[in-house]
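Two complexes follow with chain A in common, the first pairing it with chain B and the second with chain C.
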Partner chain A sequence: MNIELIFQIAGIGILTSIFHTVLKQAGKEEYSFIATLAGVSIALIMVVQLLADLLNKVKSVFFLS
Partner chain B sequence: MFKVFGALCIIGGCGYGGFRIGREYRLRVETLRGLQNGLNLLETEISYSSTPLPLALYRIGEKLSHGSALLFLHAARLLLSKEVVNAGKAWEDGIKVLQQHVRMSKEEINILSVFGQSLGNSAKQEQLKNIELTREQLSIIEKQALEARLKYERMWQYLGFCLGAVIVLILL
Partner chain C sequence: MEILQVVGIGFVGAILAVFIKERNKEAAILVSLTTGVIIFLFALSKVEAVIDVLWKLASSANINTFYLTTILKIIGIAYIAEFGSQICKDAGEGSVAAKIEFAAKILIMVLALPILVAILESILRLIP
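What follows is the complex of A and B.
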């Protein structure tokens, strides 16, 4: 488990919130929503492989696969 | 070491892009102000000193700042060198030159080209009235441009840097 990934995702979270605030202040609510969505999906793409590994491990622990 | 250098390059590049976009808003306001000043001066040239149009345009172009001067100087050059004998056509060409340097909306171009159509082919009073009308329309647009500048100039500056930071984070 590399700790770097956690920091990376935390950074993306912080920057996404900045995006959201700046865009909302400029009166572009719809874009701020899209920016947040993009941030969430980027973080999800980073994590999805690890989630798959986790599920596989759970399966192997209980002899399901 | 290379990573840090690359990260700085990306953040700097994106930040610069943001600044460039933000600067366009400022440039637009400045150009609109310059055009209004130019029309003011043109009014004086026509009503007070009755200068011939090519010379009047040239004098005004020399007085104005960079952006809006292009329009007047180009039109004056065309008329002085007798490449174009129609003042409206010269004005139209000047608008095209201005458009290449400053990003302008269709509305502004429309106002300017309507003004150009009556330039130099009507009586003094008509022209003065026309200048007055165009100036009013430009001042309304300037107000809108100023609002947009206050709203979006800062936003683009922040967004540029943030976008750079996000790209760096994803690539890291």
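What follows is the complex of A and C.
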């Protein structure tokens, strides 16, 4: 059980929200959107790897070919 | 006491998700998804041992392995579909969750069809 991943993704979420706020304050609306998108994408890549791990384990345990 | 670990991970994940939700909704969903996957992986490692015991019982009772694998496949499909539909429901996409459940029911029906046919055939053999 590697709980670090939860903290990593939570950190990415907090950081992107801070970037979003700072860039919005600086008047760069389009960059703030791109920053949020990038943060979510990075977190999504990490989650998808974990999800693939889970599905492979389920497949091997329940004989789902 | 592994249940304490599971509850601790759940609490940490839930609090982090609630904290992030106001600021960044997508990341909050990813946090809750990660928490769920980690707990699920832990539970799966325990289920493995139970299934081993089931295999041994089935082989000592001379049950056809086809039926046991079918039942296990159905359980696996149900677990995965439930997991996916819950995540979709948490994300506020109730219609996608309903479609996932629908597809899982169809897949389970397809898997259960050979067993149904076998039951009907054995009944027909008993009737005359």
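A few notes on this one:
What we mean here is this: the second predicted complex is superposed on the first by the 65 of 65 C-alpha atoms of A that agree within 3 Å, B and C clash if a C-alpha of one lies under 4 Å from a C-alpha of the other, contacts with A are read in each partner's own complex, and residues count from 1 in each chain.
We take it that a residue touches a chain if its C-beta (ideal position, glycine included) is under 8 Å from a C-beta of that chain, and two chains touch if they have at least 3 such contacts.
Quick caveat, the model's predicted, so the values are computed rather than measured.
If you put the two complexes together on chain A, you find that chain B and chain C both fit without a clash.
Of the two partner chains placed around the shared chain by superposition, chain B and chain C are both touched by A:I12. Once chain A of one complex is fitted onto chain A of the other, the partner contacts of A:F62 are limited to chain C, with no touch recorded for chain B.
Of the two partner chains, chain C is the only one that A:V40 touches; chain B does not reach it. Contacts of A:A52 after superposition: neither chain B nor chain C is touched. Comparing chain C and chain B on the residues of chain A they touch gives the larger count to C.
In the superposition on chain A, contact of A:G27 is made with chain B only, not with chain C. Judged by the touch definition given at the top, the superposed model places A:N2 against chain C, while chain B stays out of reach. Per the superposed model, the minimal spacing between any CA atom of chain B and any CA atom of chain C is 15 Å. Put simply, chain A uses residues 12, 16 to touch chain B in one complex and chain C in the other. Across the complex, chain A meets chain B through its residues 4, 8, 11-12, 15-16, 18-19, 22-23, 25-28, 42. Put simply, chain A touches chain C in their complex at residues 1-3, 5-7, 9-10, 12-14, 16-17, 20, 36, 39-40, 43-44, 46-47, 50-51, 53-55, 57-59, 61-64. Considering their complex, residues 5, 9, 12-13, 16-17, 19-20, 23-24, 26-28, 30-31, 33-35, 37-38, 40-42, 44, 47-48, 51, 69, 72-73, 75-77, 79-80 of chain C touch chain A. Chain B contributes residues 151-152, 154-155, 158-159, 162, 165-166, 169-170, 172 to its touches with chain A in the complex.
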